[in-house]
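In what follows, subunit A forms one complex with subunit B and a second complex with subunit C.
For the complex of A and B:
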C-alpha cells in the first residue's frame, strides 16, 4: 500500500515544503504572502462547504457561518480580552452548534429546498445583524493579532502566513481522513441514494447533521482567522457575494475530492494576480471571466479541476481494464 | 408465530387508497410472492413495511414486536431489509464500495466510530472488506469489484442490488422486482441465488412481474389488486383462482 502511494506522498511533501519555504527567500514581496494567506483561509472555508456538499446538501448559510465565527472571536477578544486561541475554537463551535439546530429543522428538506432554507437563514442573520446590532457591534475595529505562543508572535505578515498555512494543512488532513473513513463513504452514499442508504441501516439524519456541523465549524474558524488578519470586520464581509465565491471555488476545484477546494482557491485567488500584468487590465471584468469559467466547468468538466487531474494521471498510468469492462457488460 | 404480520395495513395518498386494509402473515423460512397488476400497491406495501412511508392505519408486527412508524434504518437494524425496484443503487460508487456501505450494520462501527481511523476501526474495515468479497463471490461479482455500479449491465446491477440486501444478514429480505426485464439466463441465475439465500435461513418476500420465475420459486403467493388482497395461497391455488384471472385479464366482476 505504502509503496504504491509513494509518488503521491513525495509530491505532497515537496508541495508542503515549498509552501513553508516561500517566505524565506522565494519571494521578497509581502504582497505575495498576503495572497497566499488569503488562499489558505479560503481553502479552510471551502473545504467545510464541500464536506456538506458531499452529503448531497448545498449550504447557502456557509458565508453566514463564517461571519458568525468571525464575530464570535472578534467580539470576545476585543471587548472581553479573551485569549485568541480559545476564541478560535469557539468561533468554530458556535456555528457548529447553530448548524445542529438549523439542521434538525432543515435537513429533512432535500436538494434545492435545503439550499433555499439555509439561504433564508443566512438572510435573517445578515439583515437582522445589520438592523438591530449594527450600532453596537456592526463594525469591529482594532482586532488584535493572535496571542503569542512561547516565542512565536503573529503580528507580522510572515508569521500570520504560517498560522494560516498550518491551519489549512490541518484542515486538509482532517478532510482527507474523513474522506477515507466510513463517514466519507456514508456521505457519498447519502448523496447518491438516501432511500437505499437508510435501508442498509445508515442513520441519514444523524450523519447529515454531523456533516453540516463539521462543515460549519471550519467556516467559523476560517472567518475568525480572516478578521484577525485584517484587524477589522463588518457585516458585509460575509454577505452573499462571499457565498457565491465559495460556490465558485468549490465547483471549479471539484466536489468529488478533498483536494478540490485547494485547486479552486489557488486557481481563482492565485491566477488573477498574474492577470494584473496585462496592459490596460480592468479587475472589473473578473466576475465575467469567473462566471464564464464556472459555466464551462459545469457543462464540460462537472468534476472540476480535481477530476481533470485524476483523468490525466489515469491516462498516464494507463489504467484501462478492458477485460473487466467487457465482463461487466454481459 | 409468523415472522412478519400485517394487520389491517392501509396507506392513503389524498383520495387514493394505495394499500387497503391488508392482512398478511409471512412464515419464517418461506418464500412469499406478491403479485398483481401495475399500480396494485405492491411497492407501496413494501415502502410501508420498510418504514419509508408511515401507514394511514394498521400495524406492522415483526418478530412479535410492533415496528409501525419506525425509521427505515431502525427497521433494517431489526433484520427486515429491502431492495428497490428498477435501478436503485449507489450509481456512482464502485461495486466494492457499495458492498462496504451495504455492510454498514454488520461492520460493528458505532455512530462516532465512523469518523476516526483508529486501529479497531481499521480491523473492522478489513473484516468488512472480507465479508463484502465473500458475498460478491457468492453472487458471482467478485471480478467486478472495481467497476462503477452504473457501468455494469442491467443484470449485474440487479444482482448487486440483491447482494446489497444480503450484506446486512437480514432475517427477512424484501425484494422488489429482482428479475423484471432481464434475459432468461440471468433470471434463472438470480432465482437460484434467491433459493440459496432461503437455504441459509433468510425468509424472502418477492414482488415480481415475471410469472414463470415467481410461480417457480414461491411457496405461497398473495395477489393485490387496487390495494386490496384478493387472493392468497399456493401457486397452484392462485393459478386456478377466478378473481386473480379476472384481475389480470381486466374483467372486473362485482365492480360497478
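For the complex of A and C:
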C-alpha cells in the first residue's frame, strides 16, 4: 500500500504534525514560538496577496488592508467589547468590501492603473493614519486576548501559536482548493490574456474583483490576528514598507504555487534568526540583503522557491525513473 | 490681491514645477521603456541627499552643487537601468517588482550611510531674504527656485523638440522597432532617457530638500503625487505630464492652505480616483501600445 500512496500527502501530514508538536518538543524557548506565530500570520496575508497576483494584478493596498482589518477588530473589541471571533470575521469583511469598491473603479483598466491606484490608496491610509486617525483614535492598547471557545483559552504564547497555525492551515487549504478549482483556472486565464478570455465570455471584472476581495479578506484577517497577538495597535504598524515586504515574500516564495507564500515567509522571517549569529551583524542591513535577493530572484529565478523545489523534485523523479528502468532491465 | 491667496498661488506654481520635474522623469522612463519605475521616489531622495552632501557638508557653490547632484544621480540611474531595468522593458509588473527591490535597497543604504535623522540644507547665500511681488512678500529662495525649475523644464522641452537625441527619444517612445530600423540605438536612447529623468528628479529633490528637509523616506509621497500627475495628464504624454503636474501642484497648494496640509494627500488620491473613473487615459493620453 505504501508504494501506491502519494508521497506528497505523507510529507504534508508529517509537516503539519511537526508544526503542531513544536511547542511540546522544542527547546521550550517561547521565542521560537513567537517567530513561528509571526510566520503563520504573514503566510495568511501573503497568500491573499498571491491570490490577487494569480489574477494578474499586484495589489499595493494589501498592507493597508491588513491595517484596516487590524483597526476594525481592535476598535470593536476594545471600544464595543464585541466577541473576538466575530471581529475577526469583520476584520476580513471590511477590507473585502472596500476592495470591491476600489476594484470596480480600477480593475476595468490595465494592470498598471490598478497598481497605481492601490498604491495611492495605501499611502493615503498610512499617512492619514499618522495624522487624521491618530488624533481621532490613535493607538489602541490593552487589547484583551481572544474570547474562550469551549474549553480553550488564548492568552498564552503557545495557545496563540495554535490559533495562528490553525488559521494558517485553513488559509493554505482554501488557497489550494481555489487554485485547483475552476475559479483558479479562470484567474490564470485572465492573467495570461484578458482580451482573449473576455472574448470567450468570461466575466473578467467579476472574477478579478472576487479575487481582489478574497485576497483582501485574508489581509484583513491576518492584520487582526497580528494585532490581537501583540495586544496593541499602532498606526505605523502597517506602513508602506510592510507592503514591500509582502511583495518580497510572495515573489521570492513563488507566485505560481499556493505554497509560495509559505516558503517566502519561512525564508525571510526565519533567515534573520540565523543571520544574527554572524559576528558584528547589524540587522539594519536586512532590507539591502532582501532587496538584493529579490533582484536576483526576479532576474534569474522568476518562479521563486516553489519553482526551484518543483524543478528539484522533477530531477529526482527523473533519476528515480531511470533507476527503475535500469533495475527492470536487469 | 489677498495675500494668502497670492502666497498659495506662488507656492502652487513652485510645487507644480517641482512635481513636473519629478513626473517628467517617470514619464520619460515609461514612454521609452514601458515600465513605471516605482523607485523614482528614491531617486528624488538621492537628489536631496546629494545637495546635502555637496552644499551642506562640503559647502560647494549651491548651483554647482545642484549640477553635481544631477550628474551623480543620473549616473546612478543609468547604472540601475542597465543592470536592473533593461531585462524587463515592456514588462510592467516585473518592472514594478524590481522597483520594489530597489526601493528597499536605496532607502536602507542611505539610512545606514547617512543616518536616520532629518537633514537640513541651509539656504544658499544670495537666495536669502524676501522679495515683494504684487504687494505680497515672497521668499526670495522660492522665487529663484521657480526660475530654476522652469528653466529645466524648458531645457527639456527644447531638448526633446530640437535636438537629434531628443527626437530619437520621441521616436523610440512611439515605436521602438521602427526607430531601430532607422538606425537609432535603442539601448543608448533608453539609458539617456533614464539619465535625464533621474537628473530632473534629483533637481526636484535638491530644491525641495533645501526648502524643507532630507531623510531616507521622503520618496514615497512624491511617487504618489508623481503617479497621480502622469495618470491625470496621460501616461506617455509629456505635455500631459506638465498639465497634470500643474493641476496636482495647484490643488495641493490651495488644499493645504485652505483645507489643511494633512488632507492634501487624500485630496490628490480622490483626484486620481476621479480621473480613473471619468477619463482613465488622462487629459492627453495616448492609446496604449501592446
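By definition in this document, the second predicted complex is superposed on the first by the 313 of 330 C-alpha atoms of A that agree within 3 Å, B and C clash if a C-alpha of one lies under 4 Å from a C-alpha of the other, contacts with A are read in each partner's own complex, and residues count from 1 in each chain.
As a convention for this text, contacts are C-beta pairs under 8 Å (C-beta built on N, C-alpha and C of every residue); 3 or more make two chains touch, one makes a residue touch a chain.
Only a predicted model underlies this, so the values are computations on that prediction, with no experimental measurement involved.
Q: Between subunit B (first) and subunit C (second), which, if any, makes contact with A:301: first, second, both or neither?
A: Once the two structures are laid over each other on A, A:301 reaches no partner at all.
Q: Does the superposition put A:22 against subunit B (first), subunit C (second), both, or neither?
A: In the superposition, A:22 contacts neither subunit B nor subunit C.
Q: Quick one: classify A:203 as touching subunit B (first), subunit C (second), both or neither.
A: first
Q: Looking at the overlay, does A:182 come into contact with subunit B only (first), subunit C only (second), both, or neither?
A: First partner only.
Q: Given the superposition on chain A, which partner contacts more residues in subunit A: subunit B or subunit C?
A: Larger number of subunit A residues touched: C.
Q: For A:287, select first, second, both or neither according to whether it touches subunit B, subunit C, the two together, or no partner.
A: second
Q: Examine A:247 and indicate which partner it touches, taking first as subunit B and second as subunit C; both and neither are also allowed.
A: In the superposition, A:247 contacts subunit C only.
Q: Where on subunit A do the contacts with subunit B and the contacts with subunit C coincide?
A: none
Q: Across the complex, what residues on subunit C touch subunit A?
A: 36, 38, 84, 87-88, 92-94, 96-98, 100-105, 107-109, 111-112, 220-221, 223-224, 227-228, 231, 235, 262-263, 265-266, 268-269, 272-273, 276-277, 280, 288
Q: Where on subunit A does subunit B make contact in their complex?
A: 177-178, 180-183, 185-186, 188-189, 192-193, 195-204, 206-207, 210, 321, 324-325, 327-330
Q: Under the stated contact criterion, what part of subunit B meets subunit A in this complex?
A: 50-52, 71-73, 76-77, 81-84, 88-93, 97, 100-102, 104-105, 107, 109, 111, 113-117, 121, 125, 143-144, 146-147, 151-153, 155-156, 164, 167-168
Q: Could you list, by residue number, the parts of subunit A that touch subunit C in their complex?
A: The contact residues of subunit A facing subunit C are 56, 58, 105-106, 109-113, 115-117, 119-121, 123-124, 127-128, 131-132, 240-241, 244, 247-248, 251, 282, 284-288, 290-292, 294-295, 298-299, 302.
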